[in-house]
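One chain, chain A, appears in both complexes that follow, with chain B as partner in the first and chain C in the second.
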Partner chain A sequence: MTSTGFLNYARIRPWWLRLFILLLFALPMFGIGGLPVQLRSDAVFQDLGVWVSYGVFVWLLVGLAVGAEKLLSWLCVGVIFGLTVAVSGVVLRHMKVWELIQHLADYVSKSSPTVSTVEAELVKRLIVIMIAVPYSLLVLESFPASDILRRAARPNGSKHAELWLAVAIFLRVFQHVFEVAGNLLLAWREENPRLLLPRHQRDWHGLGAGAGLLRWIKSSVWSWSVTLLEQALLFVPTAVRDWSRIGR
Partner chain B sequence: MPISHTTCKSYEEMSSDVMRTASITIPPITRGPGAFFASLDGWLFNNSEASSSHAIVLPDPSLNLSLPYPEDELTLIAGCANPQALVRRHFHLRDDLLSSPVTSLSGGERMLISILKGVLLAEKTGNLLVCSPFFWLDNYHRQAVRSLLHETGVRGTNTNVMTMLGEVGDADDHTILPPADPLEWTLSLARVSLTFAASRFPRETPEKSIVYSPSEDPFSLKSPTLFSGANGIGKTTLCKLLAGIIQPKGRKPEITVRGYTGNARLTMQDSVLQLFSASPQMHLRRVFAHDEKLRDEAREVYDELQEACAEFLTSHDPQQHVGDRTTPCTVLQAKVALTAERLVSKPPLLILDEPGWCLSRVAAQGFVSAVTRIAHNRRIAVAIISHERAWWRGLVGDELVFSASTSGPEVAITKGSLT
Partner chain C sequence: METSNRNTRLTRIGIMAAFTALSCLGTMVIKIPIPATTGYFNIGDMFVILAGLWLGPIGGLVVGALGPTIADAIGFPVFIPATFVMKGLEGLLVGLIAGGANASMVRKVIAACVGGATIVAGYFMFEAFIYPALGKSIPAFAVTDIGAALVEIIPNSVQAVIGVAGGLALWRAVKGVRIGNQDQHQS
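Coming up: the complex of A and B.
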């Protein structure tokens, strides 16, 4: 028998202790814990190494709970999201937007980042997103909406029932979106077996291929964003209609 | 109280009937994001008395379930003290189904849980509206749902069942489709298996394995081939394996059509999701944005398919139509667009998973026979997953019947006969 995960953070009681423990893991992402928020120009690789080490620690914590397979799929989401941010950053760099920002920043601060640091910052941002995405999904799954709804339905919980209901819907919408994203990924793979390249690309020749790829990425990001937003919105009335009946 | 039945010719007609009866606006996903967001007001903010006084089962079960586990749907929302006993008594579903994530259930299983939930909620609301509940269900579960709805009516619940035209029709009055031009294909499935790992987070969920055990290897089949079997047996899972979008544990299945091998293309059960929120025309523009030649070819196939469906409808039921040709937006046109895209990509096999969902019988028959004709002209074999066996009589060349072993994860696959 194959099974995944050894730790189950969702079982830590009470809920605030669970939240506290999970938040502890995330402190470096909030700038607490000594990890370099700004990369030093004379120690870029050293600073990036520290972030990667922290990433391995977080991935281990996530992997121990959800198993290697799910961690990998969450990492894929993180990589795609991170690459989208990084590619946008490179495009902005080539459009000289960073220089413009740098010139503007010079008016504000004497220690504004150099262009080369900006490029390293993009790499750091990619790493941080690859850490933040699996971590956020772990946190979302550690607070099952059904537990919160049970709390809302308790006779002595009715004082804050509306609040718990709102929290549960907020959490569940995110969880639902990631569930739908799983189905969408299958639909996407069916349409584009190589995932990050379109199935039909006969018009891509020479230098035009790069522009074509960028256009395809833009249209794909748009399609995914709109679809996920639609699915999130589709879910809300069902949840509200169902959950407002709880305890009645 | 007697059950009232309403029959609809199209999904769009059913949507407006739902609006009239229960004041719920179902957003038009196939019209593109503009129309979707314009209709959100009715969907998101409709809290009229009519909508809250109805327990509603919509034709897409993913719109009926709001929690990740079926157990919670039935206990927490519907207030059932012993859901296991209820599921066992009415539907004889497997014991671990309630603790499995909703996302891992088959379409039919999700529909059954939706119906149970609706029936339980109706005890509080007094009104039950069930839309197109039978399509994804096997014969045994159709009968079980009919009995359950009858019981609900007898208990005094005002029950309204909306079905697509032909969804619960008498098998004898079905149009018999003419046979397709012959096209043979082979399917090798020996030692193909798949395991969905058990999980401990956030909740304990059991491992599930499927081992396909074909009665012969390879199967030599006539296209179109019907895949049939009970709900949750693993038909859709096999199709995902054939399309290469999930990977088996060991050996991969092999499809061969006239010496050509490759992955199948698949239109899924919830095919509307495959549009990625686009309208049919937008979908073709998006998918072929980087291949102008194929885009033109896909548009030709789209027009040919749409015309064939329109002709079929005119000759069998002139009151039905494919939809507005200038701004295509019906579920039928969405399926036509998805299929046209798949046909021009020239796979060895095209799989239509529940092609008739949200279509009337005549529209589904016209659609599948047109797809088969065009596919065979292009040397593409066709497989259909469907519980509506009688709809495809005459057209289907061979049938593969999926059946579970009494113990263990083996799914026996044998050649059946539609006669």
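Coming up: the complex of A and C.
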């Protein structure tokens, strides 16, 4: 774990105490500790303000542990994920699909939310995802696979060496996929500077523009998924080959 | 022989971890909100179905129960119980029905469709009956009712169809790849 020296959660021993402390920071996200899980329609901005204050607290905890540069790159991933929620919600409204679903919800559900509550909810989700992504990545980094490997490789022979080895491989591969996804997001950003719109959209006109966009979305999602799958799986044989010697 | 079995087992664990992370990412990257239930539409099912088809019931169960649940923890914690149970069940059923690596294509398609149907039916059950019942004692769960659950059948069905089609398409891409003595482990 890259540390600025102020806070290094990976040094907290034993591991369950580290997990407990890190989980304590997340409790407000689950509605424990006074944060409004559901926004009040008469106090939307106050409630959003409370979420932002909590966000600053979490970003501070993360920033002190990993440094400003890493915090910013994690925030960047959080913003992209959060925007998929907020932007797709806005697009649905623009296409009138939102109203259609809303009318249907009003018809069949007594407690369906109003449109304004839904809009505020979208903003809240953006903020929550911007808080949760850096926090989750911090938790992931606070449990280095190398620590678990060391446990598996103890010379006196750990009783559960095989189990620890499996846990280490699971954790390391899981972390690797998130590293790959982060790099793929950066590659996507370079390839498509306007983020959500293709570079060659000017070539599409009239009715063909809609079809072109759909084709582009389909091929983008497909190629992104396959690349991610390939990059994720490529690492597995290497990890197994290098680590399977431990505890044998 | 023992070393080979051990490496096969570790490779399967590694692939399970990769699919868990992929299903988590697939759930996080594209999230289209559904206003009626405060839930969201995503493409994470592709990887859960792929895990069931390729890794078998245990792999499907682990990937389905862990990956999307971790994604729900980021911003949508109220859906954690439903996702843990239903996506885990989805992966398990797909793996059980799909059979081993040599099973027929028809069987794989049926398995993927059952997985998709499980999600639609399961989330309806949770949102229509279980969450309203839980909501009486824990207010955080009072986010849906039977009307909202009915509305969500539409986006959930679209999500299931995309998950089934995407899962089968990805399975075709990886189906020639064997993980050691795969059939023996998939029984």
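Miscellaneous remarks
Basically, the second predicted complex is superposed on the first by the 165 of 248 C-alpha atoms of A that agree within 3 Å, B and C clash if a C-alpha of one lies under 4 Å from a C-alpha of the other, contacts with A are read in each partner's own complex, and residues count from 1 in each chain.
What we mean here is this: a contact is a pair of C-beta atoms (placed from the backbone, for glycine too) under 8 Å apart; a residue touches a chain by one contact, two chains touch by 3 or more.
The structure presented is a predicted model; accordingly, all values stated were derived computationally and were not measured.
In the superposition on chain A, A:226 makes contact with both chain B and chain C. Of the two partner chains, neither chain B nor chain C is touched by A:36.
In the superposition on chain A, A:171 makes contact with chain C only, while chain B stays out of contact range. Legend: residue contacts after superposition of the two complexes on their common chain; A:69 is shown touching chain B, with no touch to chain C. Legend: residue contacts after superposition of the two complexes on their common chain; A:122 is shown touching chain C, with no touch to chain B.
With both structures placed on the common chain, the touch criterion links A:84 to chain C but leaves chain B unconnected.
Of the two partner chains, chain C is the only one that A:136 touches; chain B does not reach it. Of the two partner chains placed by the overlay, chain B and chain C both lie in contact with A:235.
Residues 172, 176, 226, 233, 235-237, 239, 241, 243-244, 248 of chain A contact both chain B in one complex and chain C in the other. Residues of chain B touching chain A in their complex: 24, 27, 29, 33, 36, 40, 43-44, 46, 51-52, 63-69, 72, 76-77, 101-103, 121, 124, 195, 197-203, 207, 240, 243-246, 263, 265-266, 268, 270, 273-274, 276-278, 286-294, 341, 345.
The residues of chain A lying in touch with chain B in their complex are 1-10, 65-67, 69-70, 141-142, 144-146, 149-150, 153, 172, 175-176, 179-180, 182-184, 186-191, 193, 198-204, 212, 215-216, 219, 223-224, 226-227, 230, 233-239, 241-246, 248. Against chain A, in their complex, chain C makes its touches with residues 3, 6-7, 9-11, 13-18, 20-22, 25-26, 28-36, 38, 40, 43, 46, 70, 73-78, 140, 143, 145-148, 150-151, 154, 166, 169-170, 173-174. Residues 29-31, 37-38, 81-82, 84-85, 88-89, 92, 98, 101-102, 104-105, 107-113, 115, 118, 121-122, 125, 128-129, 132-133, 136, 165-166, 169-174, 176-178, 181, 221-222, 225-226, 228-229, 232-233, 235-237, 239-241, 243-244, 248 of chain A are the ones that touch chain C when the two sit in their complex.
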